[in-house]
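Take a look at the structures listed below.
Here chain A shows up in two complexes: once beside chain B, once beside chain C.
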Partner chain A sequence: MSETHTETVKEHAPASADSHPHGAAHGPASPGTDAGPGAGGLSLPERIYVVEVVRGLAITLGHLFRNLLFPGRFRTIQWPELPRPLPQRFRAKHRLNKWEDGHTKCTACMCCATACPAGCITIVAGEFSKPLVKVDAGVTKIIEKYPTLYDIDLLKCVYCGFCVEACPCDAIKMDTGKFPRAGYSREDFLWQNRFKDGLPTLERNAAEA
Partner chain B sequence: MEVISSLILVIGRPALMWFLLLNLIPLMIWLERKGSAYIQDRIGPNRAHIGGLRLAGMVHNVADVVKLFTKEDIVPSHVSRGYYIAAPFVAMTVALMTYAVIPFADAVVIGKKSFPMQAANLSVGFLYILAIASLGVYAVVLSGWASNNKYGLLGGLRSSAQLISYEVSMGLSLIGLVMAFQTVELNDIVRGQGELLFGFLPKWGIVIQPLAFVLYLTCAFAETNRNPFDLPEGESEIVAGYHVEYSSMKFALFFMAEYVNILVQGAIVTTLFLGGWQVPWLPTAVLKRHLDVVLPLLAMGTTVILCLSFVILRRYDLANRTRWQDARRREGLWLSRLSLAGALAFLILSTVFVKWPVDSKGGWPSLVVGMDRALHLLPGGVRGAIEQLLYWKGWGGVFTALVQFSAFVTKLLLVAWLFIWVRWTLPRFRYDQLMKLGWQVMLPLALANLVVTGVVYFVQG
Partner chain C sequence: MAKIKVDGKEMEAPAGASLLQALLDRGIFVPHFCYHPDLPVDGNCRQCLVELETPKGVAGVISCATRVAEGMVVRTQTPTMEKARRGVLEFLLVNHPVDCPVCDQAGECRLQQYYMTYGFHQSRVTVEKVHKNKTLRIGPRVILDQERCVLCSRCVRFTRHVTKTSELAIGGRGDHSFITTFPGQPLANKYSVCTVDVCPVGALTDLDFRFQCRVWFLKPTDTICHGCARGCNAVLDTYSHTTMDGLQGTAYRLRPRRNPEVNKSWMCDEGRLLYREVNENRLREPELRLEGGARPAAWEEALDSVVEKVKAAGPAAVAGLCSPDGTNEDLFLFRKLMVESVGTELVSAESWRQPGYEDDILLRADKHPNSLGAQFLGPWKGLQEILSGIESGRVQVLIVLHNDFLGMAGDGPAVRAKLNTLKTLVVLDSRRNPTVDAAHVVLPTGSFAEREGTYVNFQGRVQRAARAVLPRWGAKSETEILRGLAEKLGRPLEGLSNAMRIWEHLASSVPALAGITYQEIGKMGCWARGYGPAAATAAPAAAAAAQTKPVASS
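This part shows the complex of A and B:
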């Protein structure tokens, strides 16, 4: 392979315009310059070319037999049958965090939707019929709002994780380890959540593993 | 019996040729895909499967056929319709025609008749091959011109210039062989290659004309538009060259013609330079006399090969067993068992061949215990027919031809593999390099080879 590159370079060089890459039909312009690449020429076996062809064939055959005899050496990952190990902080598909009693932690503050550079988050806020009282790390919280609708269009999402950082309530996470793969319609990639009084009534999963 | 065997031979010879050729196409495509993958440290096709059976990607060919047959057959509005449709047919027809004169075994003598094992026994031999091979350029030029597409036209132009340039050295490199063997008939050339040089070296074309072999092989690469010379379809420059406007089965015909061309060139190289159907050191008469040794040895060899493939498949099975959750996970297991069973079958077959001296009377019925007794239970007419078949004098000739045929196919596949191997090793030439090589290196070398050969044979008388 590398010999060919050398050839190409040499052919473009004006200093040795008369040299021939294949065969020994013509010598280089001045005798004695065919010592090596430094002299701008190719060595004799390189110029005969057939020798180099045989060397190249030996290399490819070596690869062939190595792979034939040791099929365990392939680096290919058989996805999706074998999942690829994900990094610990991989930003995967989103998840809405819950309190222990199942109420969503989201308070429909719109911080995530505001932070989102792609504008893929749709939130419709609703009001609890009776405010939720929660004690979090010793602080008592009275929660009045929840999202009746929390949708993320995964085709628009760029998986930047800004929504996670913007969330003041630790409600949205990207730690599911899943990511959308393939779907047959745009709706397949719409991650839909519906809530009534802070409790999920519907979670339609987007196309995923 | 005579009539039937003649009929079988007359119809069978071209049929065998076509069967071999058309069935080797998927094998070649598979070799290309899997071979290229392994050369490049990839896995290659391994998804399409029928009931879990993927056969290392062979099943992808079935998927391809289904795809190509069901695809919309588009004839663009801007093409020259008649020529556009004719071109792929010309490509395939010409590719298949060349095979007619290739001998795939020595003439089989049955009774007093001799049956040359060629589809057509032409006395002009390889002149026919050269003539038909040069027709192949028409397919490329026609498709390139009729497509009314600049890439197609460039591909057609490149191809015609290339083919015409390399045909000169191609023809010249073969003249030396004609001088050596004093004939242009292919079967005679192959017979000539059965002789020994210095008492031990088979007088193959590659031995007496090594330079011509290298030259012819290079020209064959150029003629088949294969890699170092695949500028007519150079996909990085002119998309797909001459077949850029073709879809569906018309494209498939070009695709198949490429592989048939490889097989044809492989067959020509085999016939002219690698001894054709000759089993080395075993001329036909010797082979026929020692069939009781050769056949068991061949069966044993097959056993060894199947055992090796068992080892490979076993490793494959172990590597894949935990990988798949569907029908595919059992594949390695079944295939390794199958190869082991095949090895066993051939081992038994080798003992059978030892007990069956094929052209003398009396071997077969003792083959299986109780077989002659079972034969006596049959009604007289049927038994007579079966016995006539078993004791038929022609078996020796048939089995000799089969051994020679397998020798031929082995060599053919090795040369065809060389085409694939080279494709995935060498980078493509530039067009000026191609022309320089063709006219300034190959042509002088071919002429020099011709002169030297002529002088040598003139001096020898």
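This part shows the complex of A and C:
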């Protein structure tokens, strides 16, 4: 990007703001301040093209020689053989949290499905044959409801994390660090969970990294 | 009428009426749990506090048990009152489990609503809450959670004063009080689920709706229960949310809508289950069972084959059968199709459904929602006349609209034998039944949820049911099918394109409905000409009303 162009952008950006002190001077009466010399706002060196080609090649060749000379600082990531380190709060594929005894923490309240902007969560609620009694932070909880089916269509999911925010039971998490990679059918992207009396009977994770 | 002053505004209210009801009628927000317009006042929840000026000074009184009197000065929004209400709410929540995420009432819970409106307190309870019994199955249709209960006693009063069965009572003392049934006497009356409706919190839940759907996914539609001649005003809740798209249009429950003239706030347990007709056992596409076996067909083809059969037989050999289950609009249109487009006079609206249980609360023996409406639209021919016509070979094509006469015939095989000589049986219905099974052409219509129209109940009240969902799967509305047939027969039904247009024609040709508009019917219905309490005082109209008999109870 040439100097001229950068200047142009700098001059233009604040002009849109009403509070700009020189706003009056830059009115529609002074179109000459548009430094863009020609179609598409390209400067002369850009239009000649040769300069830009050389600049681009310089980057490519620079990487080539850097990799040849310092193989330890190799910049290419060998994904998927070598996973890329993810930030700690990366929103990856979902996980349903469990109590220590394996019962799901999800109570099928549908808060996640309600919050989901993509409408990708399907839940069918069921009732425990005998209510589950749990003591959480000194409070006795009597749990009657659990999901018999909990599915997320990962093709519809936009990984916004609203479901995690909405969950009142800390039951859904997006901390697996995994995300679907490739599949051969739509069903491959359906994350399916089935429960019986709160215990998982099936979890199908297809097409997962 | 008495003049009262509320929050500085002068208004009129009926003297002697409950102050709370007067305020609610005028759209003034007063929170309340135990007060219910159709139950006696109990005044136990203390939530409806308002400030009242008395000769001895300003007093906080519960508005439900205060009667409107001339010159009353009432304030509902003062800081003192808000503080007092918040205090009462905090007491009610002391032992409440606050399990809103799994509670079916969430979204329509008064406790939740009031807390989110003016509560917002942090719990000051540091000790373990009092635990009571949960998931108690106190009757075949009702589940009790004693922990969520606020002891407003609405359900107790309902069983004492409405059904007069008194199954429920409050036991225990202080914060250990609980709702309970008597040993060996479950909550098993025919109106038991009304206790779930009156429960302002999630203490009583309906076993049928329990955990099925969150209420905020549901869209309410004002409808009329079609279970009996009472025509209870009801709300049909159908799924309508962007998530779980496959459930779109599924009906989840039918619950009463208040109409003091017809059903007050109540509805029978049996009627509530009628929502299942929207979802289950539905006919999804037209079916042809002519020469060469049964097969599904496209709408065009199915209608064409009906028209072909009708034309081949000739007008005199066609008969029509509808029933007092249909709306006035459908019956009117059906008759018009048969008489004007087909050209036959042999149209019947007789139903063989047997009378059922009746009591003096709501349920009527006549199980047709529109017997009186069918009678207004009469006279009709008898069903026997059609059957003897079939037997003699005179009738070759029978078109049936919502009438399962084969299923309801006591002597089914005998009637079926008579049909052997019938060339074509065309059945318009929404669900599979014996008549549909015997049909040669099946045309699937929408269920009651997909229908729009009016019914006249046994009292002569004209009531309108709105359409909750568009015809599901491959079904079409009755209006569309009947109009399609008329058009293909070469005599289209001009100007009768929707329920409202049909009603206009109907109201101008039927004396009992003369001049009634949709506006007049409104949400609560209106009396047919010559019916209702006003007409009962006028002697000639009363005589006319006395002569009328429901069609199907004969």
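Keep this in mind: the second predicted complex is superposed on the first by the 135 of 209 C-alpha atoms of A that agree within 3 Å, B and C clash if a C-alpha of one lies under 4 Å from a C-alpha of the other, contacts with A are read in each partner's own complex, and residues count from 1 in each chain.
Everything that follows uses one rule, which is that a residue touches a chain if its C-beta (ideal position, glycine included) is under 8 Å from a C-beta of that chain, and two chains touch if they have at least 3 such contacts.
Model, not experiment: these values are computed from the prediction.
Look at A:142: by the touch rule set out above, it reaches chain C but stays clear of chain B.
Looking at the shared chain after the overlay, A:182 reaches neither chain B nor chain C.
Applying the stated contact rule after C-alpha superposition, one finds that A:82 touches chain B and leaves chain C untouched.
Contacts of A:57 after superposition on the shared chain: chain B is touched, whereas chain C is not. In the superposition on chain A, no contact is made by A:133 with either chain B or chain C.
Across the complex, chain A is touched by residues 35, 38-43, 214, 312, 315-316, 319, 323-325, 421-422, 424-427, 430, 433, 436-437, 440-441, 444-445 of chain B. Listed in rising order, the residues of chain A touching chain C in the complex are 107-111, 113-114, 116, 119-123, 125-127, 131, 139-145, 168-169.
Those residues of chain C that touch chain A in the complex are listed here as 97, 99, 101-102, 106, 128, 131, 134-135, 210-212, 214, 216-217, 241-246. Only residues 1, 4, 8, 11, 20-23, 25-26, 50, 53, 56-57, 59-61, 63-64, 67-72, 74-76, 78, 81-82 of chain A touch chain B when the two sit together in their complex.
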